[in-house]
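Shared chain: subunit A. Partners: subunit B in the first complex, subunit C in the second.
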Partner chain A sequence: MTSPPGNSTEIDSSRADFTPVTDKALAALPLERGAASSVALEGITKSYGPVTAIRDLTLEARAGEFLVLLGPSGCGKTTALRLVAGLEDPTSGTVRIGGRVVNDVDAKDRDVAMVFQSYALYPHLSVGRNIEFPLRARQVPASQRRQLVATVAESLRLEQLLDRKPAQLSGGQRQRVALARAIVRRPRAFLMDEPLSNLDAQLRVQMRAELVELHTRVDITILYVTHDQVEAMTMGQRIAILNEGVLQQLDTPEAVYRRPANAFVAGFVGSPPMNILRGRAVAEDDALWVAVPGGRVGLSPPLVRAVEDRALREVVVGLRPEALSLDPNGTIAAAVSLVELVGHEQHVALRLPGGQLVWIRMGSEAPRMRTGQDVRIAATGTVHLFDPQTGNLIEVGNE
Partner chain B sequence: MRAEHRNARPHEERHVKGTFALRRPVRRIARYALLVGMAVVVAFPIYITVVNALLPSAQIGARPPTLFPTHPQWGSFRAAFSEAHLGIYLRNSAIVTIGITAAQLITSVLAAYAFVFLRFPARRVIFMVCIATLMVPLEATILPNYRTIEMLGWYNTFPALIVPFVGSGIGIFLFRQAFLGLPRDLRDAATLDGYGHLRFLTRVVLPLNRPVTAAFGIYAFLTAWNQYLWPLLVTQTNSVRTVQIGLRQLSISNFNQLDVVFAGTVLGALPIFVLLFVFQRQLVRGLTAGALKG
Partner chain C sequence: MGARHRARGAHARQRPQSRPLRKAGAAYLFVLPALVAFGVFVFYPLVKTAYLGFFTSPPAPNLPSHYVGLTQYRAVLSSSDFLDSLWRTVQFVLYTVPAGIVLGIGLAMLANQRLAGIRIFRTIYSSTVATSAAVAAVIFFTLLNPQVGLLSYWLGRKGGSGVLQSSSLALPAVSVVTIWQNIGFTFILMSAALQSVPDDLLEAARVDGASSWLRFRSVTIPLLSPMIFFTTIVGVIGGFQSFGQIDILTQGGPNNHTLLLIYDLYQQAFKYDNTGYAAVLSVALFGILLLLTFMQFWFFQRRVFYAR
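And now, the complex of A and B:
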């Protein structure tokens, strides 16, 4: 019924060995400064028969940058990575690595390394042999191979595990072996395809920190694919958000959060997501409001101007959960549907009269609310305005 | 330790065990009796063959039959080589069998690899055709194959014995199923690590599929070694006759030393027994290793 004792100790030991990577070990990594290259996709389209996975995608990871490709499953982000790796050929467009067009260069000659979600370790080879595998293909002399493997193993704390088989390792250890196998080649760029998805939550947070640390101290270009917006926000220097094969926005995490290019990005980034409400522009009490289910949302003067300039009747407003608060005099009526206490704060889902849910964020010290309780809320933070036709953010000058 | 464990059990459980204890020996005896019976049925002809090989020729077929040779005559085994050309037959069988086994392994592995890891037009259709060959019995292909061999001038040569069997539908199917179990990421990882198809096949795919390789190798070897109809049709002289055909020739000719024929039969079957004994262990080990990989 309970797991055998050997099992639990193994997990414990895998936890215990999570000491931070040492500077000395990192400095010894076989990655010279300047080895990192930029990676660029220019006007890439990729179709599989009638299905278009990527449509006219242009983006560039600068040399040494940590760029995250973020999007829901099936948005084409993994395909983009495989195009860079050379595992797929684009239907049209140009792939550049370090400024050089590599469309006709074989995958093995592109000099990029990939870390897979499944780790893709060779099950029949020991850890040492796994790390050594790419060096053997490149006919690196044995003495040099041994030295490189030893250095990389030390920097990723794998030196005790070199003789083990992948099956004997914990998830975190396998992840580090996959990383070691990528690093040992000194590639121009690292491509990572959801590398942390198979780890449990705690380990994921630790590996996240380790990857960021690795990147800040060694000069490497990382193209990192994930569907997890928390990973994207915490790790990426810039984030490229894709949906249905189309690039939605490419910017810093902060900019993506503060000024989402469209309603999709707004709804995808942030947890809980931004509340997107569809409403009508109405003039009441000598002011312009957006009438939404359950009440109305006030607009700042620049937003009012924007609505008037465009003569919009329909408007889509976006409100982050922290931009809403409970207020007895609030302009929107709603009923409490669900309360999630997440330690330092509460996320409360409120149901509007039309049935739509809106999330608000509150401190954990605020009194717990009952399900079904009627409340009023007010928009106290930034109101985003989106074009009802295109979904694009309506930019206003001074926000 | 087990007894202690039982004593520690509560009273009712011991009672239940008691009824089992009554029934179990009966069942066990029945089961073993059945197994022994089947073993006798299978082993008796083999035993009689060995016994007859050790009897003087005149005593073979006598009544009552001799079930245990009191004065074994080992000379028949030597005679099988010196008088009945067994050495040549065994050599021929070895050439043909090893040739067929090696060829089937190579072609099946390569074809299965292509079906799994390469993209080419009509892949599914071609695979279906390969599978469909399993449904064509040997008898149906004998005539066209015979005419082809004749046309090529291969009658009574080793190519006639080997070439018609270099491909195997079962082999392609078995290896394809095994290769499908490999994660695609492994191929991608190996590609980026700098390994082309052939090196990926030899360094990763085959080491990971030892059990199926061993299993199919044995199957191919047994089938090839035991072939009878085809070798009978396309051989005419001892220089290419396999063991099965050679022994048949002996027994129907006026060669009247039956003990030598039996000795030859024993020697002809020996490689199969050795192979099974040696590889049974290999097979089990391969399968266990696969299970532990989990």
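And now, the complex of A and C:
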């Protein structure tokens, strides 16, 4: 009748000794069913009454790919996963798994596995029974079930916990149980909805590495949802960035960082974010400049050509924090607003005369600045040129 | 370090003695009013009733009762009258409690759908809570009336002998009335319990490949189990104490076929003035319910899942 003794005070011992998932254990996962499959959304729109969560979304995770869906909260990431899983029906459009249209296939028959943000572990079942559940649902014989659970439990270091109830586990342990439950039956695709967001920072970094490693060792397709651009950049083979239900860009992390498709992506990916400055194109000192509050930004020849070709008078430029530096002879005047020391480097927020904040990145050995101090900065790195109307990227000018 | 450590240790050793005592005193003070109320209205009558069982009631009023000790207990509890009414009561509980819970869960599942107008059904299903046993009995008394009752007509017994007059159908009929009357209460409890089953667990089970039956059996039912346990206990106790519908529908008839323990007790005490006999039945009823409740706790202990 009484509740089981709580283990909340117990230290998560697994954190200290991070051992990689063993090849042997994973190779032993049999079940020929559900080889890694591609997952595709084609022209998907999903509306809830007046709210359109997803608008004409087309994207594909290739078989065996680790694809990250990235976007701010409320942009439709969870909805996209639920559409793939079959927990929601699209208002219009086609869902394909392994090339086959699955719009009319019930969720239980789609053979994908989902790791919920809440983990959704069955609270009344032990860890072992939780992991076993998908096998029971598919009527796998008991002997094979036991063997599979043991194998997966070993690979995720859960052997000691098999008899515990989820309430007796730490956050990281629960996360691994959810993962074990997903992996135990080798589904066609893994759908993961912000699986690391409930973990503390240290554990998150560790699990990030483990998931990536898992993906390199096992042939699985992963569709991974996060609002954390660091997670996306470090884990994804490709990243799909969503905003307000619309796909902004689908590309490799490098491409997304170097050539963001528009000002939204530029501002969302990278920390601190890219500085987006709006100004007028002016010809001074025999060159074309962008006049911004507090000074001016020089343009490299390709950007000058782009501005002239389009006869732009208003110009939007983007500069990453590392593309700006302190310089007594810099072309822009600003005042120090905030200094963040993050170990190996400093992030300094500067306020331009118009009130806009601009971030710059500096080495940690550079002298600390006082807030309120007046400085001058120079654009020394890559300048991105965006269309002032649409926000789309026009050109990237390398110095 | 040693001195300070010892000092603190002594202090810590002192506290567990004085503090609980003071605390306990306050606790007893708070419990006292309830204890007095229970003592006057429950414990004293209980002891007094058990005591009354030692006396046989006189054949006519105003004559003295006889002290007979345990003899009367032995006689009554081994009599076929008692064993028959006990068996009927057990049947009645077996007819009403499981069916009531199954129906309650079923209706709660139906009313838990996201459908337009579902509130109307929720209201209808809950409505019997607002009816007393007497009202339910009167409604069914009319419906089962062999001359004008709609149910009698549907059952093809119009004009013939009434359902409530049939020795084989009377107890089932009373059971149906009881189920009907209790359904609203069970429905409300099960609906509340059902709403507390997290959607994402059922969705996880669905993605895991579980059929709707497996989801129901392996996720919903375990999470409903505390409520099933509760309604079983309450239902069994309520079943053993069902009185109103019997009194209005059959008064124990025909030919004692709906004479449940509690109705027997009532008649002995207030119709035949057989206080001693009724007292023995009271004590027996108390003992049986106590035993059954313990047995149910024992049975459910390993089968009920509590979230915390």
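The definition used in the following text is that the second predicted complex is superposed on the first by the 377 of 399 C-alpha atoms of A that agree within 3 Å, B and C clash if a C-alpha of one lies under 4 Å from a C-alpha of the other, contacts with A are read in each partner's own complex, and residues count from 1 in each chain.
Just so it is clear, a contact is a pair of C-beta atoms (placed from the backbone, for glycine too) under 8 Å apart; a residue touches a chain by one contact, two chains touch by 3 or more.
Because the structure is predicted, anything quoted here is derived from the model rather than measured.
Aligning the two structures on subunit A places subunit B and subunit C in a clash. By the touch criterion defined above, A:167 lies against subunit B and subunit C together after alignment on the C-alpha atoms of chain A. Of the two partner chains, neither subunit B nor subunit C is touched by A:142. Contacts of A:338 after superposition on the shared chain: neither subunit B nor subunit C is touched. Applying the stated contact rule after C-alpha superposition, one finds that A:282 touches neither subunit B nor subunit C.
Once the two complexes are overlaid on the shared chain, A:122 sits against subunit B and subunit C alike.
For subunit A, the partner with contacts to more residues, out of subunit B and subunit C, is C.
By the touch criterion stated above, A:112 is placed in contact with subunit B and with subunit C alike.
Shared contact residues on subunit A (touching subunit B in one structure, subunit C in the other): 85-87, 107-108, 112-114, 116, 118, 120, 122-124, 133-134, 137-138, 167, 181, 185. By the touch rule above, subunit A contacts subunit C in their complex via residues 1, 3, 85-87, 106-114, 116, 118, 120, 122-125, 133-134, 136-138, 167, 181, 185, 191. Residues 82, 85-87, 107-108, 112-114, 116-118, 120, 122-124, 133-134, 137-138, 165, 167, 181, 185 of subunit A touch subunit B in their complex. Taken in their complex, subunit C has these residues touching subunit A: 198, 200-201, 203-211, 214, 218-219, 222-223, 225, 297, 301, 304-308. Residues of subunit B touching subunit A in their complex: 183, 185-186, 188-196, 199, 204, 207-208, 292-294.
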